[in-house]
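Two complexes come next, and they have one chain in common, subunit A, joined by subunit B in the first and subunit C in the second.
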Partner chain A sequence: MATLALPRRGPLRSTLVRHVVLAIVGALLLLVLTTSVSAYRDFQMANIGYYVVAVAGLTVLTGLNGQISLGHGALMMVGAYTCALLLERDNPLPLAVVLVLCVVVTAAVGALVGAAAARLRGPYLAGATLAFAVGLPGLTSHYADTLGGDNGLNVLSGPPPASLGLDFPPERWQAWITLSAALITLVLLANLASSRVGRTFRAVRDDEVSAELAGIHVARTQVLAFVISAACAGLAGGLLAFVSGQASPGAFSVALSLSILAGAVLGGLGSLTGAVYGAIALVMLPAWSSNASDRFSLGTNVQHNLPLLVYGALLIVVMLAAPQGLQGGVRRLLGLLHGRAPATPARNDPVTEVTVSEPDR
Partner chain B sequence: MRQIRNERETRFDAGGASVTEASRAALRIEGLTVRFGGLVALDAVSMHVDPGEVVGIIGPNGAGKTTLFNVACGFVRPTSGTLEIKGTAQRRLRPHQLARLGVARTLQGLGLFPHITCLDNVMVGAHRHARAGFTTALLGLPPSDRDETALRERSLAVLQELGVTEVAGRLPGSLPYPLQKRVALARALVADPDILLLDEPASGLSAAEMDDLGELIRGLRGRMAVMLVEHHMDLVMSVCDRIVVLDFGKVIATGTPAQVRSDERVLAAYLGDEVDATDESISEVSGG
Partner chain C sequence: MARFLSVTLGGLSGGMIYAAVALSLVLIWRATRVLNFAQGAMAMFTAYLAYKVLEHGGSYWVALLVALASGLVLGAFVERVLVRPVENGPPLNAVVVTLGVFIVVEGLAGMFFGGTPHRYPTHFSNVNYRVGDVSALAPFDIWVIVSVLVVAVLLGLLFRYTDVGLRMRAAAFEGEVARMLGVRVGRMLTLGWALAAVIGALAAVLVSPNVPLSPTSMDEVFVFGFTGAVIGGLDSPVGAILGGVGLGVLLNYVAAYAGSDLQTLSALAVLVLVLMIKPSGLFSTTATRRV
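The block that comes next holds the complex of A and B.
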């Protein structure tokens, strides 16, 4: 236990340096990976990138702060339409600025939803956010002139910069963009999670009365967590629009909200590493299962529904085998290997330091 | 109640400067009435706790002890009457403001955060001493790290003071109840409060642990004002400078342990005037 008190030595003592070093290592690995795979794989990695952002944002809200949201698909939609509308203009802003604006606009919407959410608990919160997810796509047909109705808007994301060469695969460029965004998001969220703010989130999740007595403004903390989470969803939505080249209501159905939550649960609620696993599963499982159905030449009906089946089965298996998600399972295995009691959470890895727990008590 | 008022007035007269005397109390409650529908939980209760003084609130079950505590920390808004903390009237006190006012409270049910380590639990209590803001935390800048180190050291020091350093990395649920109680106490103490409210600190403790607790509370005397609600008379009598006795929402006696012990109204309240003595209240008096 003495190690707890000892500060880490050297520059790694700094939270920022530690997380940035991890991110740089990750970036180098991804650079090698993206340049050595096919365009289709690059496209998949681009998808994984924005899913990581969305799932990581939700895992902070649900895992760390104990607020469930079934409305993150709708928040992604806000980001996607912001991105589409901004890129549609004659002299579009640089992509980075557009994405920052997606974050800002969605965070503002998140503040409104969060203020309502802070008054709701458990199933009522789930219901309210679900209603948000169901209702918001309807706005597109109401404001069909600006938002393009059911067909949505085309997103003019443009070719990769000329400096990369004329035959640079656009998928790789997209992967670079979304994966960079994912790494930056993970660094920022990991900083937060390991700081006083993260501890405040967990305290509010675990016991609101005690948190209040410790001087924490519970409602304000819950709104803050919602805003952070919404900001991530907005960035993810903007990236989705950029990668898919369009923003349409069909892409932001309730199913998207549910699958983001499923990704967070699958990876391990509250764990940022788990969010990465969850995002990979969200993109790769449908691909694998459709490959499988091709190989066994199953009918189209089966082919369309197989991903759902695999998904559901995997969720059940993971929940039975590792109730705290994939990352929880990994941590328990490591703990057994080191002969550590499972009750003692690992405190070494700054990213996995994020405590895993039940979503909502 | 009249008795207290008289007592205070005489004290003021003796001190000669009633205004400074009045504002010196760490916590002062004046004419406090709380009604829940038709039920009068507290009826014109007045009391005060001076800085560095240990004051015990006792009384039979349902006397209003917990309600008094809940008013003192903003959980219950009084129907009438005033609450003053360190000389400032608190009209719209909310629980989350307590820490800033220098008030810490333990809960009967402990209320530890179950999914974070004991050290983290205590560090939450120390947040009052943190300075770094949200942006610093988001960017992981050095001030945030320095805050964390300081909070951790402060929290470990309090855990050490209570002799439970070894539980720092454990989850509260994995500890026996007395150790959990110490962690909860550490979480309150780490804030370095001026006023500490202890809600039944001895419940569930063995006799030896209760002795330790008594020693600890006596050690707090002079450092902070302590107000405690407790059923165990031995503990109350041994640690308190002053005792306030509530019965049916009214203060029926106040004074030193010796005065209270020999007060006829207190004996009547606990043992019953005539034939309505219950087993429960007897066991309370005997410390069981």
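The block that comes next holds the complex of A and C.
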């Protein structure tokens, strides 16, 4: 991003100010963009907004703290159902309050999962979170009276505020909400990443024993990372429910969890800018695949499954093309970010080539 | 009491299927220290091929044979082409690769076969035997239990008494030394994955009459198999079978007394509990391992 080239003088020396300025510039650009495109594009951007939040949350967990989670789709489900249940009441709370509550509830669930996860490593953690992702949708049919069974719940998100005019497209309103949430999340996470807490995350990821020797409470750090990541997933889930107008178990399949992982891997784990690219890819790929199958008349089965195929192929290719691994890739990326490695050979570097991420700090 | 006994016996056949999945995971884990998250999806795909054979008029046995054979090929292919390059890297890489295989296979199944669940036919009766008030174990369940037991025994004989089995054990136990003694280690690992996929295929064919076949139908079964394998300790084939059967019975209690929708979350609870109390598994012989 352009800020990298700015000399760090005056107020821009402060990380917080820099990120906020960047977010305001981004918000202005998005404001222009959302008001100048069709309702369908606005709807796509609304979807991108919550995917950014989810993928960025997973990026912090996996890229920054080295824990893998296949359960983020299920955590989004917690957020979505919280949102649906809160908006269902006769006098619903304001949307902002509802979304905050989605974050709080999901963070609490994330603390539970994280407490178990902090004791697990690698394949065991992946397996346990996968079990969470496979099992949680079952709750909706067990408590079908409250959670609506397989059909799920309708989310009464209401029209855009009257002050915007009567013919204001609801898609644009949705895009504004999710994109603002995405920008706020990105600013908070970017600050976190460059803060003391972010450094302890990285220390734990790189070497637990050394981190412990340096006085870092490893388990507590891992739970904290999980809680933050779950909070993001909860916000993303609440926004998804708000945008799609419903919360149903079918929307929170294992495939969702794995596609979020694919988005994070594609974006280059550890890079929040990459999370944005990953989220854009997650929304655009299904659209492209439906265009492609229309053009070549491939049928709905192909259309629905082509994105899955691409996500899976992506996970495999990235891993095979970056033999020194997730950790090595992340470390090299961070090395680039901090100017420890020459920036020019990055173009030939398999990690950065596949992950199309740019230094953002 | 009669109901309790019925439920207990009823859990056995499901448990044997989880045991088969657990066994296949252990086989792969012992050979390559990789947890194959695609195991359930790969098995699902072979069951679909068998289903296609049945649709075109093939018999139950021909279809089963097709599933096992395609499992053999699929398992060997995945190990040799996709997993081999990451086998000795950080564990997370192998996990992500098998996850990639997992979604690719599910996507392919959705493309070729559609998302509608199919009930896989069987020519064994599904009517339970009755002794007094206890009603459990239909002929189909007996077939499930016997076939998995036979496969497990055959596998044990293979490892204990044959030359190939000895080579496979050597390759898994200490690859470098085995290589120096002339064992084609790579080939043995591929064979291990192939055999595991065959067992997975059997499990998928056995479970599909009860869990209608769809691209995601093996997800839960995989989770149960994984949990069974962890209960037994990922290193122990006998532990995997006991763990799978034990979990099957336990989950049948959950289904009978609490609701079948809670089975997977109960499996998760068991999984977390076992990993916290005895991470090496209840039946494991190895001393320590980081979980």
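Definition applied: the second predicted complex is superposed on the first by the 296 of 361 C-alpha atoms of A that agree within 3 Å, B and C clash if a C-alpha of one lies under 4 Å from a C-alpha of the other, contacts with A are read in each partner's own complex, and residues count from 1 in each chain.
Basically, a contact is a pair of C-beta atoms (placed from the backbone, for glycine too) under 8 Å apart; a residue touches a chain by one contact, two chains touch by 3 or more.
Everything numeric in this text was worked out from a predicted model, so none of it was measured.
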Touching partner for A:His304 - first (subunit B), second (subunit C), both, neither: second
Subunit B versus subunit C as contact partner of A:Leu16, first or second or both or neither: first
First, second, both or neither for A:Ala313, with subunit B first and subunit C second: second
Which of subunit B and subunit C A:Ala162 touches, first, second, both or neither: neither
Which of subunit B and subunit C A:Leu224 touches, first, second, both or neither: first
First, second, both or neither for A:Glu212, with subunit B first and subunit C second: first
First (subunit B), second (subunit C), both or neither touched by A:Gly127: second
On subunit A, positions contacted by subunit B and by subunit C: none
For the subunit C and subunit A complex, residues of the former touching the latter: 34-35, 37, 82, 85-86, 89-97, 99-108, 110-115, 215-216, 219-220, 223, 226-227, 230, 259, 261-265, 267-268, 271-272, 275-276, 290-291
For the subunit B and subunit A complex, residues of the former touching the latter: 73, 94-100, 104-105, 107, 111-117, 119-120, 123-125, 127-128, 130, 132, 134, 137-142, 144-145, 147-149, 151-153, 156, 165-166, 168-171, 173-174, 187, 191
Touch list for subunit A against partner subunit B, complex: 1, 4-5, 7, 13-16, 19, 187-188, 190-192, 194-200, 202-203, 205-207, 209-218, 224, 343-345, 347, 355, 357-358
Residues of subunit A touching subunit C in the complex: 66, 68, 70, 116, 119-124, 126-128, 130-132, 134-136, 138-139, 141-142, 253-255, 258-259, 261-262, 265, 301-302, 304-309, 311-316, 318-320, 323-328
